[in-house]
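Lettered A, B, C and D in written order, each chain numbered from 1.
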Amino acid sequence: MLPADLVQRLERAVAEAAPLMVAERRDFHHYAETGWTEFRTASLVARRLVDLGLGLQVGREVVDGESRMGVPAAETLAAQWERACAQGGDAEFLEVGRGGFTGVVGILRRGPGPTVGLRFDIDALDLEESLEESHRPAAEGFVSVNRGATHACAHDGHAALGLGVARVLATLDDALQGTVKLVFQPAEEGVRGAKSMVVAGAVDDVDAMLAVHLYSGWPTGQVALGRGNFMATDKFDAYFTGEAAHAGGRPHGGRNALLAAATAVLNLHAIPRHRDGPTRINVGRLVAGQGRNVIPPSAHLMIETRGATSALNDYVRESAESILAAAAAMYGCKLEIRAMGAARSAESDPALVERVNQVVAAIPGLSVRDPGPGGGSEDYTYMMRRVQERGGLAAALGMGADLGGWGHHTANFDFDEAALPLAAQLLVTTVLTLMRDPLA
Amino acid sequence: MLPADLVQRLERAVAEAAPLMVAERRDFHHYAETGWTEFRTASLVARRLVDLGLGLQVGREVVDGESRMGVPAAETLAAQWERACAQGGDAEFLEVGRGGFTGVVGILRRGPGPTVGLRFDIDALDLEESLEESHRPAAEGFVSVNRGATHACAHDGHAALGLGVARVLATLDDALQGTVKLVFQPAEEGVRGAKSMVVAGAVDDVDAMLAVHLYSGWPTGQVALGRGNFMATDKFDAYFTGEAAHAGGRPHGGRNALLAAATAVLNLHAIPRHRDGPTRINVGRLVAGQGRNVIPPSAHLMIETRGATSALNDYVRESAESILAAAAAMYGCKLEIRAMGAARSAESDPALVERVNQVVAAIPGLSVRDPGPGGGSEDYTYMMRRVQERGGLAAALGMGADLGGWGHHTANFDFDEAALPLAAQLLVTTVLTLMRDPLA
Amino acid sequence: MLPADLVQRLERAVAEAAPLMVAERRDFHHYAETGWTEFRTASLVARRLVDLGLGLQVGREVVDGESRMGVPAAETLAAQWERACAQGGDAEFLEVGRGGFTGVVGILRRGPGPTVGLRFDIDALDLEESLEESHRPAAEGFVSVNRGATHACAHDGHAALGLGVARVLATLDDALQGTVKLVFQPAEEGVRGAKSMVVAGAVDDVDAMLAVHLYSGWPTGQVALGRGNFMATDKFDAYFTGEAAHAGGRPHGGRNALLAAATAVLNLHAIPRHRDGPTRINVGRLVAGQGRNVIPPSAHLMIETRGATSALNDYVRESAESILAAAAAMYGCKLEIRAMGAARSAESDPALVERVNQVVAAIPGLSVRDPGPGGGSEDYTYMMRRVQERGGLAAALGMGADLGGWGHHTANFDFDEAALPLAAQLLVTTVLTLMRDPLA
Amino acid sequence: MLPADLVQRLERAVAEAAPLMVAERRDFHHYAETGWTEFRTASLVARRLVDLGLGLQVGREVVDGESRMGVPAAETLAAQWERACAQGGDAEFLEVGRGGFTGVVGILRRGPGPTVGLRFDIDALDLEESLEESHRPAAEGFVSVNRGATHACAHDGHAALGLGVARVLATLDDALQGTVKLVFQPAEEGVRGAKSMVVAGAVDDVDAMLAVHLYSGWPTGQVALGRGNFMATDKFDAYFTGEAAHAGGRPHGGRNALLAAATAVLNLHAIPRHRDGPTRINVGRLVAGQGRNVIPPSAHLMIETRGATSALNDYVRESAESILAAAAAMYGCKLEIRAMGAARSAESDPALVERVNQVVAAIPGLSVRDPGPGGGSEDYTYMMRRVQERGGLAAALGMGADLGGWGHHTANFDFDEAALPLAAQLLVTTVLTLMRDPLA
């Protein structure tokens, strides 16, 4: 698909970038930062993109403040920002990200031609990483020093991959015919960040959009095209506020927020199936009450809904809101609902998928695999939908990075770093191909 | 307390009345009629009171139509009225009771002096009477011919007792110094009738009010003074109306009245205890839905609340109403609540109780017993409260009528008819004593 | 597909049979009989098949007693049987069906060749038919005289269609090359009957099995091939038995079957969705308790589960059984579960569907339509699965019979009788085609 | 009741002790320690009792290790012990209390005569004390330095009162005729400590047992005799352990501990009232689940039951255990129940109450008040019952210490220290009276 000499140059560039990707991945892992607090990570990404000669959009340019969801409290933001300063973030770009504006877009504009967007998510999870000897990051000294935050979903790899791709593309500068946008997105966990970058217009000019996700459970080098069918989803918190009373002396007093919450939980899970397709509801966490002998005056529920389409998700979310309101009314409680995240349903465009398919076939070490059943959600879908709505094409890819053992979102998660150069080669080859032979 | 000769006359009159009381009790038992359909019973009571020379108030004079609760459907009233005509009711007074106005008050006014009221309830229960050989009414030919209606709470005895008391008082006419009102009340079961007689003013002029209830579980002749502590109560039906849908083809359709009802049932039973005293809640019956494969479009709940005081009962009823409303809202159902019965809390006046205590002590064959714990309800309490609010005194009595065996409200219930003359003697003696030596 | 002269003969035979089909449909409608009580209907079907010269299998030959589900009580069976005798059933075959053995199979065996099975269900619904003037059966004198039973799902048409097909086939006797089995099945409503005919072996020798269902909501003549995706289903009743107590006097007494049932209802509806495909759960009806002031000692739930596959249905049914058992244990209640109906998931074989497709194309007045979404269940699936498991092919068809207005299972349901000859032509043509050009 | 000169000496001794009581109360307040971690408090109490010449029983002598309930984790005990060392505890007695053995008994044995026991509880609450200027402890520098622990129920006053009483009794040494036991009890909050001292035999030889509780809500000097009717109570935690699963990808997976818990919560609150008297149930706190998109694998409920009698409490607790077990079974969860506290019902002996009544009447500044309704629980009841079961008498007293404003168990709680000498005078006078004129 590409001239043989270009392929050779590309392979060389990838080989040179590979050790750097591993090093950067381990650095990001070591200083894991969760959604909207990726101050250090984002600042270093921005610094390196600049150093590589890319154009840059950062902070409020690419993150719409109002559209952010699930932003931590101001004190938390401030404390984590201080921590980022202390842990070697880049001073100039730390300032830009302050307050939770940790999105970065690197731009390589080389003459006329299509604009290809690549998205990389960069945040860690709220999870205490394992310190066991058998856990490689612990054994080899790059376990998260930010206890309670862990890169257990490979976004450290995604961030490093984005920098690796930037490096390779910078090397092949003369071979580009069009524009590449490298979109580094904060707060994918909880599907909180993509919408704000879309609203800020970060992908408005993209003709073809791609993202790849590494999976530790698939053999390294296997590529899932049009990965999964993403379900639309809403993440929200419900707060019931009642009134406390002494359970022995005034059992009839107060307004029992736990009874309201328990009623809500049962009825939320009883929201009927919908004829038109799969839906989901989960109350993942409930914290209610104070002391044993106090009528519980408060309850906090963490809820998510999903639907195979946005309409189905709306059906579940609206049913849930009715149930919550009625449960609160039943016990005279005040109800507050706070949006904490959202993603849309989306499907990869067949033409773009087919193009990637051809690229995979041409790269030794890569092969195609079935993406498996759906059920998951991704806020990359906001970007896919925006690009598709404006006439472009979008696709989501998965790539195996097997290390045996632990699943995503577990304390011992790790992945095979050999997947990083493979993924870089896949993305850069696809970019070049799309520039030489644009789709539609 | 009374002159010896008067006592002797009284005893003779009671002895003469005794076989008639048994006969009339068995007649009422044979033609059992449930609340608001006591057409035959009430018409015969009225006829006999007139025949004995008593003054009479009947029908709408003593039953306020709007205040009646739990009145059967018009067709039922019509059908039972036809039945009463066919079963030998008195034509004149059947006409008066038509449509469910089956209260009767007999009045003996003999010169100045206090007005003493005696209340007798006359309705049967919705219950299929036993036809077993061992059941005396079946063996001796006075089992209820009105299948589905049974005198299983001794109100047949109360009605006959009222007539016996009228007969004895008529005989002792010259010994009276004041007025006696014999109040025959419909629809005590479900506490549906007393309020309507109180609203109609039937006891407004009463200075001292008494009622006696026969109990098959206590030895014959034992008298409980200030029987029980009546709990205030509300009986009401709740109807949820949702919308049907095919459970397979449109699972998300309709509005599920059964889910609303099930949510209500659990939360109704979870209404907290009250610090200030005993309360009760019961959903005695729930009927919901149509076919197996249809989202249930309707649910009907039969509910009762109780409280040691009217305030406590109000607390439970109001909590219940909130819960029902919220449960309906949760599933988009319409809610209708219909009052089906009510009684107040009430306590017997110590001075009147003490007077009865003295009477009991003076009558051979009678003795005092403990009334036992409360928990029950009686709409006689409406009369007690009205009399007390207007400055009079009121008391509730219980009398043993032991026949071994079956409890109240069972298909084999029967009682010892030897209690009838004992009760008549107790009541008439008390009336005479109150006239000769009025309380306050 | 067929020789022109055969087509002409066929069309003539159908035209002759058409008025008879209408008359027989209206007769069955007039004397509607519900599942397992189709004594009159089945006896007349059997008589007419014999008169047409078909071989016959009836009663226990084609209905396995143990495998019947949801059979009415013995008294009901006896009463309906007497009614059938009075309403002109055939004496000989009434005797055969006595006790609920109302299946009939007519057989035309004409030389070697494939065995084609056609299934017709014959039972009515538990529903009170409309007597409104605007309802044609009422206006034209064939409304159901068996009040409470109504043919509101066109099974009267199916039964008449089966006889019409028999009549046409008997006329074309010489054109047959193989065997035709006309399977008249009782108790399809509630999916209670097919299994018993399958267990009795009624379709064991069938090579190609077809059934057609008339739908009033589709334009007459439109044919859905491979109609719907039938969900597997279980229908069962759950009985909780607790213990009564007086709600006022012994609130802590008894064992509350309604609380157990309400807990079960909420948790049944909360059975989680399954990743692998659509599922359903419904508690269509709940009756609990006795009197308002009695702790409810009993509860009866009518439940159904569904799944896109039998495995998915098993998942829901097993979850439901666990929940019911735990809810009973929670309140010390006894639990009894009674199977009331069942159907399997099934899919039509593409090859057979394609054959019908060709037949539809060749018949003027017929056209193909989309079967629409699934969600429904049919116990014809037992026959499909049996035939498929033994190496044969099976398919389910739908045919429009539009009359405007009312849906299936409503009191005013009616259908366009012009669909009857169209359906007969479709089935007979398919049979002849399958005999001349067998599939695999 | 006492000789005038003895009264004068007593008054002088109390007046001398008063400022010390205030100082010690403020010291204990400043270094508030919660149940089983009263290392500093107990060690200083013990040291001062020894210094006053009292005999001493401490640590495992008076605290049975196995009978302690709700003991904090070993690390917490260790950390708080280190803190107590750093905050000036008495080295010798710190060693004795190590590991949570913080009970102390001081003994004054003066010749033959009755043994009078006085109980003082010494633990603080888990509560963050107010730092507002309007809060006296904050304004005057004795606010709790142990953040998260606060004396918001006056046990600091009780401890200081015990030392004051010891000081006064030591002064009046020659007037004693019998034995006084001053019982300083840990962990009254949560009713966790008394049982262990009773099992260790600390009150086995007591003839008359008294305790006084200060109440900020009553006017200073008002004394409630036979304070409250203590309800029997059980405090316990329930842990449901299920299994996590991804809510989007495996909605049917896992075992949902939150659904089990919500079902339990509703049904626990629905435990029926009991005819025989007041009962209580409360789920004061529920924490369930992990992340929003994970089927909750765990739930922790903090529960308490109460009953006017131990039998009634047993009824509720046993019902609760059944419900919890069934709810766990419903969702295939493991259930663990841990006892966290318990108290018995108890009533004060009228003879002892009457004696205190006489003492109150003789002391200027004291008066009697109504103890008000019950509903509360106290593990002092274990001591009352033990003394009563061994033939002694016991009573519980309350004394007003009004400061306006905040209630017990709130962050701003404070009390009127003028109550301390009044309480000391009441207790010492009662002790002397009981020695001079023993009760039966």
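Throughout what follows, a contact is a pair of C-beta atoms (placed from the backbone, for glycine too) under 8 Å apart; a residue touches a chain by one contact, two chains touch by 3 or more.
Here the structure is a predicted model, which is why all the values come from computation and not from measurement.
K.L.:
Could you work out which chain's C-alpha centre is the most distant one from the centre of subunit C?
P.N.:
It is D whose centre lies farthest from that of subunit C.
K.L.:
Counting C-beta pairs in contact, which chain pair has more, B-D or A-D?
P.N.:
A-D
K.L.:
Report the inter-chain centroid distance for subunit A and subunit D in whole angstrom, where each centroid is the mean of the CA atoms.
P.N.:
For subunit A versus subunit D, the centre distance works out to 52 Å.
K.L.:
Where in subunit B do residues touch at least two different other chains?
P.N.:
249-251, 256, 259, 263, 266-267, 269-270, 272-273, 275-276, 280, 295, 373, 375
K.L.:
Going by the contact rule set out above, which residues of subunit D touch subunit A in the complex?
P.N.:
Result: residues 126, 190, 231, 233, 235, 246-251, 256, 258-259, 261-263, 265-266, 269, 280, 282-296, 299, 302-304, 306, 340, 373, 375-377 of subunit D touch subunit A.
K.L.:
So in the complex, the part of subunit C that touches subunit D is made up of which residues?
P.N.:
Going through subunit C, the ones touching subunit D are 249-253, 256, 259, 263, 266-267, 270, 272-276, 295, 315, 322-323, 325-327, 329-330, 332.
K.L.:
Please output the residues of subunit B touching subunit D within their complex, sorted ascending.
P.N.:
Checking each residue of subunit B against subunit D gives 266-267, 269-270, 272-273, 275-276, 278-280, 373, 375.
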